[in-house]
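Have a look at these structures, which come just after this line.
Okay, so chain A shows up in both of these, paired with chain B first and chain C after.
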Partner chain A sequence: MRIAVAMKPVPDLLQIRMKDRRPVLEDVPVVLGAIDRSALEIAVELKEKTSGHIVVLMAGDGRLEDTVKEALAAGADEALLIRDARLNGADGSLSAHALAAGVRKIGPVDLLLFGEGSTDNYSGQVMSRVSEILGIPQAGYVRDIVVEGETLIVTRSLEDEEEILEIRPPAAFSVLSEIREPRIPSVTAILKARKKPATVLSLDELGVGTGSGAGVETVSTLAPMTGRKGERIPSLEELVRVLRKEAPGGGA
Partner chain B sequence: MTEFLAVAWKAGEVPELLGAAGTLGGGDETALLFLGGDEEARQAAARWGALHRIPGIETRLADTGSVAGALAGAQKALFAPVVLLPSTRRGKETAGRLAQILGAGVLTDVHRMERGEGGAICCHRYALGGAAVSVQRIGTAVQVIALDPGSFEAAPERGPGPVNELSVPLPEGSVVLREARPRVRDTVDIAAADCLVAVGLGLDRKEDLALVERLARAVGGEIACSKPVATDRKWLPEDRIIGLSGKKCRPALAVLLGISGQVQFTVGIRDAKTILSVNTDENAAIMTLSDYVFIADLREILPELAGKMDAGPG
Partner chain C sequence: MDFQLTKEEQLIQGAAREFAEKEIGPAVEEIVSSNRVPEEILAGLRELDLFALPVPEVYGGAEAGYVCYILAMEQIARVCPGVAVILSVNNLAAAAVNIFGTEEQKKRYIPQGTRGDTAFSFAFTEPGTGSDPKQLAATAKKDGDHYVLNGTKRFITNSSYRGPIIVFARETETDQVNAFILDKFCEGYSVSEPWNKMGVKGAPLHDVYLRDVRIPAENVLGGLGKGFWILKVAMALGKIGISSIFLGAMLAAYEDGLRYAVEKTHRGEPIAKFQAIQMAVADMFMKYESCRWMTYRLGSLAERAKDKGDILKDSAATKIFVTETAVDVARISMGIHGSYGVMEDYRISRLWKDVIFGPQVEGVSHLLKVLVAGEILRK
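Moving on to the complex of A and B:
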């Protein structure tokens, strides 16, 4: 089975600081999205069961070579990196066109995997857009994937119910982080990853035109006002009093 | 002609979708497309007025690609440039494909909308994992906006109206639904709780959970947690997770024990009326998000706190 895993380079959220309510993104390292790493892990499992091959796709405006090494060490066989200044702050539509063009470039794939949302923006729309561009069936919020002959048996987890779906490849899925625990690559795997091929292409080289963005404009991005007073409670007795006062039922 | 097309999978989603359209000036003329079955559609129409349905779609909902195709047909038939749908998992998955078919921009998890310059719809949604709120506008002729459930006021009922069957093609799909089953889940819904006692990694002994439970009982609260307590330590079920990958909760009182306040957590609790935090670290991020803070080691204070709260007032 040939599997492509789309992985988004995202700023390390734990290192973002706020200055005057504005996020400071300079010097924040770029990492692989946490849910995307779970997507890679199920891909590695399916690859091992079907003697398959995994290509990682990444699209962004910065250096992607360092970030993708972790994915190559974690079991991907090769990488296609789509690097272009136009991808700086790109909306989901442009990212989707870039990734769909990437999939076409690497040749037929049976399975295309995404995280259910990126850890930074979490819009959860890119998998659906790519599926439409490629004209393939999709399933979101997937909790498990099992290969049954020529068919993929997929468990989709919704708020109130779970669906067991039968889908014939090629298909695209977005997975939940709970699908698999991502591995921490061994030193040997990290050394081996250096030899795995990573191709870099621009949007022009992939034939993605300038009209591919869907015009979502960001007016502002600010930390929300909290307006909470952070009153220090001096003693355990006082804590008990406050809990009794604030408990909706009056605190027993 | 109407500006808004509200798409609901379940009758319970209708009031908020119409309410959200109402805040932008969409009144009774807001078109409603209901994806449930015939009987459910009739019941919804009795309360919410004229609605559209696409015959047969209710058996095909698992095939989001087909549904998106049919919704695109409905949007064109009804000439409504702004499609509103719930930002549930189903809604979000469908929204992206619908937007791609329509050449539209899409925003999901929108928790507030207002009119900006030139009547443009300004959508508020969390960004950077919940650390910030982005205000965004869609610039395309058709817009798809998925609304965070529980964030908008419900509209009043519109009175009875007819059910109109739309004749739009439902594209052939290739997704077969083998089985649908209710999720095995906790009977407690922390998103609906009036009071929550949430634990984070600062609670480092599993046996102390019993004390937390006593405290929760004393304040009439349910137990909740940050993500790693459920997914890494597996001390509590995943239904108890507060935050970006769990539930967004709005209790009257949230008692946070040993929670540092990473943005992925705080996005799920910042709408609580009152937040009280107990933490050893007075520089923890959660302190700036709390109404009350108590600096203490949970190991030391939990037995006494649970005992004193058990004892009741006086």
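Moving on to the complex of A and C:
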């Protein structure tokens, strides 16, 4: 089984400070998105069961070679890195055109995996857009994938129920973080990752024209305001009354 | 000069940190109370190749170099120094076999240092001598094409695990000190009950008794008369591990002190708002950072040194400085904690019992200072 996993380089959330309700991204290291790591983990499991091959796709405007090493250490076999200044702050549309062109470039794949959303913007659109561009079936909220002969048995986790689908490849899925816990790569795997092939191409080299450009303008991203009321409550009875009032569905 | 870690180094550091926090962290209480590391943790360390970081790939190691080794050991020790001590002794002895062993010895013994269910020991210290090779009393008597070993070795890490042990003994005929390699638990090998040590739990220390242990003459390591050279190299490499371990313990003490300073309030304000606490925070930061870079530099020196014995001065100086500073940092952190710092419910009390070990083991500070000064003044 030939599997492509789209992984987005994102700022390390644990190292972001907030200033004036905006994230300070200077000097924050770039890492792989948490849910994308889970997508890679299920890909590695399927690869091991089917003697498959995994290609990681990554698109961005920065230096991607270092970031992708984590994915190559965690079990991917090779990488296609799409690096272009136009991808700076790209919306879902441009990212999807870039990744779809990447998939075409690497040749036929049976399975195209995404995290359910990236840990920075979490728009959750890219998988659907890519599958539409490529004209292949799609499923979101996937929490398990099992290969049975020529068929993929996919479990989707919906709000009140689970849906089990039988899908014939090729198909694109976005997965939930609980699908698998990402492995910790061994030292040997980390050191061997530097020898795995990683091809770098620009949008022009992939034939992604300027017409595929951004259609969304992000006006502002602000952290929610939080504050403490600092109320003094004189008695236990009053505290119970206030808590009841403040509780969700208040006053019950 | 580039103080940036490579991506590979960052990933190895991250892998060790993630494993330590997820797998070792929840077991620390059990490790401390039983003075043993659960087998599944040793198996996990093996799977990540943390048992075999600097060991050559051809013998089952990761061949990662000493900077990576230090980064990983620091993160393991940050969560549990005892676990890191098992790795440290294993690695220094495996490295000694790699440097001095015959090809046959390397193939037979080094892989046993990478598997996690067996571990190397290194036995020099005796009841009558800690660091003075001239006082060594264990004997090796030549008997045809064999040696017969007798003696008692003190405070030997990993000696209750199966695997190889390097033993230093004096040959009765020539009076030369030689190193021998043999399998633990062979006929005539036994260990005492573990010493009841106060900290660095998880890596029990036993005395090792050798009673008429008969080994083939080819088990001499590095050739006859090379005992002191092997000891010098092993001391140099061993101090890389010890420095990393107490760097990790120091980091834990620093982090605990910092967290307490930010979380503990006095009259509605975090105590970090008070200048006395700010002085303490700055002191911990300065001390940790200076030790960190000194230790990382030692790793770089070890990677470049053809004869690892050449780094002994730097290795000993780093070990002295890091272990003594770890005590300072833990003391400062304890001070920030106030009375809570001496309550066993707070981790800093356990860390104090760990860091106090550093200056006392692998060559006490006073002895090592004499060695460092001797090296400086000789030039």
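Everything that follows uses one rule, which is that the second predicted complex is superposed on the first by the 226 of 252 C-alpha atoms of A that agree within 3 Å, B and C clash if a C-alpha of one lies under 4 Å from a C-alpha of the other, contacts with A are read in each partner's own complex, and residues count from 1 in each chain.
By our rule, a contact is a pair of C-beta atoms (placed from the backbone, for glycine too) under 8 Å apart; a residue touches a chain by one contact, two chains touch by 3 or more.
On a predicted model such as this, the values are computed, not experimentally measured, just so you know.
After overlaying the two complexes on the shared chain, residue contacts for A:Pro248 are found with chain B alone; chain C is out of touch. Once the two complexes are laid over each other on the shared chain, residue contacts for A:Ile190 go to chain C alone; chain B is not touched. In the overlay built on the shared chain, the residue A:Ala73 is in contact with chain C alone; chain B does not reach it. If you count the residues of chain A touched by chain B and by chain C, you find the higher number for B. After overlaying the two complexes on the shared chain, residue contacts for A:Tyr141 are found with chain B alone; chain C is out of touch.
On the side of chain B, the complex with chain A involves touching residues 62-65, 68, 88-90, 92-97, 99-101, 103-109, 116, 122, 126-129, 131-140, 173-183, 194-195, 217-221, 231, 238, 244-245, 251-253, 255, 262-264, 270, 274-276, 278, 287-296, 301, 304-305, 308-310, 312-313.
By the touch criterion given at the top, residues 7-8, 10-12, 15, 18-19, 22, 47-50, 53, 57, 62-64, 68, 72 of chain C touch chain A in their complex. Taken together, the chain A residues at the contact with chain C in this complex read 29, 66, 69-70, 73, 184-188, 190-191, 193-194. Across the complex, chain B is touched by residues 11, 13-14, 16, 18, 23, 91-93, 96, 119-129, 131-133, 137-141, 153, 156-168, 174, 177-178, 214-224, 226, 228-233, 236-237, 239-240, 242-244, 246-252 of chain A.
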